[in-house]
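Before anything else, here is the set of structures, which you'll find just below.
You will see two complexes here that share subunit A, one where it goes with subunit B and one where it goes with subunit C.
This part shows the complex of A and B:
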């Protein structure tokens, strides 16, 4: 019963919205808004074919490579900078400035430096996504509980073990918050880099549809991007729950007290 | 804080001592930061001069900074900045108003929250840039295109925070307000609003950064007027130093927005413990 109720709550509004959409496009032939039927038809026709291999998968591949590289680099550099005080003070203003630059302006810059290639798009994604991870890691490492840190020191835990068992877990909540930002920026940059300079990929295809006034196809492309976004956020939530299980538990205990 | 050991000193000296400490620490920190900036500029200056990267792709820092100061004297530059900031401000304002109204309505009703949850979780991760083709079709290269993207992207940042904030209301405070006979409006004003305010301010700060990203993006990709379009024009026109100068300018605007937002947050939340502790330590 409880599960049924949950499903009903989850589905009610989407169903109502689709019904409204269907009803309002029933009699009209609005050029910009396709009916649900034409959209799903266009969706199946456009994306369940060769396009998956020629446009969708390469885009997703670049996104994954870029985001993973950004996360790894960001955490590694963040651990280093965060644990050395003078280095932190030394780099802080420059890093804050780089974070404040809106990432899309890097596209024309990198286009100039590297030309229009796959690696340029990956570098665009890396150079846009790395800042939230890097700065949050620095912040997380800096804010390690001093009692824990002293205890680890007293027990002679140092080097790799210290990073593995003290620094990384304490900084993990902050790092995950950075990764969440990094994912959404990554997706944005993937699309824009392809809209700006490309001859293939999701962003390019969607803009191409729009320019040739293939409206249902354009909408179906927007839906594909939406689905990728939703899938990424689901994967992230699942991973976060695994990595930060102890943290959420701790918070619950603290809130209950 | 360590206990003061200067009991023999006069009160004035005791008060000045803790003040001295941060004053002593801060300059070294700021000096290091300044040194960091200088080192970065030096590397940037040397890379093209030595020839690691050709100067026509990456002009030395001195050229770009000179160009930036040159831009500061041009009306066209300030017009572009004004257009970007106008889109940023209008978009942010609309998004915040919409998110606050909807957030308070939906957040304060258990039923509405449950019903909208799945839809919100589906719509939120949709990247706003997916709407670019739609914006072009509907509005062309006008400010409305930028506004559409900015509002969509920053709305979710604020909306989610407001939802969390409204849900965070202390039960005891709420019951107390009820038993003292506070009406619905008064409860929202004196119980819910102060609880949600820190969340709201966090949301607004995040949204301000996102709105700038989207404003520049829209100008860059769609070509609506503003700094982004100037960057794109400079790049395709081969005015490389000019392009780098504009990129620097967007970064400066970003830093400025961050600073202003943090200042506003500190002012509006001066009563809140998260800010109070920051001031004391």
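This part shows the complex of A and C:
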């Protein structure tokens, strides 16, 4: 019952929006704005077929590789930099500089250096996604409670055990906040990296449709991107709830007090 | 800081080789941007194996600093701490610490049982032995019914019990407690005091119990070490000659309890007023 209610709440607004869209496109013949019927027809025709394998899956593949690599690298480097004071002082200004560079401007540079390859696109995704994970991990590691750290120390928990039992779980809430940002940046960069110079992928296909005035198809590509975003967000929430169950419980208790 | 001569610190000491825990001439100075802060000037005392001693002093007398030096979390500026004859340079294996801030000393992402088990697991102990020790420890503190809860689902007093269970399961020879009951309510506190006496008797562990509560120090200890105000030295090292069987109602009603309590209170008041112990009077109590 509770689940049904949740689904009903979640679907209500999309249904209303589609109804508004349907009502406002009734009787118009604007070439650039398709009706819900034309769009869904175009969606089915365009995406249920060969394009899944030639464009959608390769894009999602690059996105996953890029995002996972960014998360792993970001956490690993963040643990190291966060734990070592001099390394933090040493790297912080440089990190701020790199972080401030908008990743899309790297695409022309990386195209020259790496050619128009899958690796280039993955590198673009990593170069943009790694920052929120890295900087949040550093902050999370720095913010470890001193009493908790002393407790671990007095019980002889050091080295790798310290990272596993103390540092990682303690920084997990901040790391997950970084991962959340990383996912949305990843989707953006996936599309942009394919718009510049590419022969396949979602970003490329959408631009192709636009250039060839296949307007309903172009819109349907945007819908696909939105759906991928929603799917990623659901997977993230599911994982986050599992990893941070203790944290949400603790927060609830603290807020109730 | 002040140009006065360092008083001879005056806790009771034992002949070499007989002490479980030796604090020798410990001094701790924090170097800060605003200048040096002398938290502990010169402290010397010994604990023999199996002794339960309370350390009481006015607030700001460097009790926590001393405890951190003893537990190997801080290096003393001068002097040394010996555990069973070996110099303490880092947290020793045979020592456990219970902190005041129970909410910050247990791992909130681990269940009660996992919290108690972790130090043993980390020490590489086998599963069967671990389970046995954890079960015993949880039972000893009266928490065998909540092993699957998270610490933050428990009340403050119960969380501190978990911390005590963790220390007990670790099988330390020396148990240090830093104002462990300062943040729990009075009734829970009385229960926990009795729990400490029970656990101490059962395990034969050496306990150093730091507190700012005078009643608590007299009720719990075989001995009360009174610290002066900062810069800290030992004000007095007092034997508590109350019967070994103590309970909250009868022990606290004894005339001797009142006398001892009165005496400690007086000493703390004098310490607050800046009275420094003279070497001679202290030597007398060192017998």
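Just so we're on the same page, the second predicted complex is superposed on the first by the 244 of 257 C-alpha atoms of A that agree within 3 Å, B and C clash if a C-alpha of one lies under 4 Å from a C-alpha of the other, contacts with A are read in each partner's own complex, and residues count from 1 in each chain.
The rule is short, and it goes like this: a residue touches a chain if its C-beta (ideal position, glycine included) is under 8 Å from a C-beta of that chain, and two chains touch if they have at least 3 such contacts.
Quick caveat, the model's predicted, so the values are computed rather than measured.
Undergrad: According to the stated criteria, A:58 is in contact with first (subunit B), second (subunit C), both, or neither; which is it?
TA: A:58 contacts neither subunit B nor subunit C.
Undergrad: Which of the two partners, first being subunit B and second being subunit C, lies in contact with A:253: first, second, both, or neither?
TA: second
Undergrad: Please indicate which partner A:147 is in contact with in the superposed arrangement: first for subunit B, second for subunit C, both, or neither.
TA: It touches subunit C, and subunit B stays clear.
Undergrad: Is subunit A touched at more residues by subunit B or by subunit C?
TA: Touching more of subunit A: B.
Undergrad: Overlap of the subunit B and subunit C footprints on subunit A, residue-wise?
TA: none
Undergrad: Sort out for me which residues of subunit A touch subunit B in the complex.
TA: 9-14, 17, 32, 86, 89-94, 96-109, 111-113, 184-185, 187-188, 191-192, 195-196, 203, 206-207, 209-210, 215, 218, 221-222, 225-226, 229-230, 232-233
Undergrad: Tell me, which parts of subunit A touch subunit C in their complex?
TA: Touch list, subunit A to subunit C: 145, 147-148, 150-151, 153-157, 161, 165-166, 169-170, 172, 246-247, 249-250, 253-254.
Undergrad: Which of the residues in subunit C end up touching subunit A in this complex?
TA: 68, 71-73, 91, 93, 95-97, 99, 101, 104-110, 118-119, 122-123, 150, 152-153, 166, 170
Undergrad: Show me the residue ranges of subunit B that touch subunit A in the complex, using the header's touch definition.
TA: 28-29, 32-37, 39-40, 53, 57-58, 114-119, 121-134, 136-138, 209, 212-213, 215-217, 220-221, 228, 231-232, 235, 240, 243-244, 246-247, 250-255, 257-258
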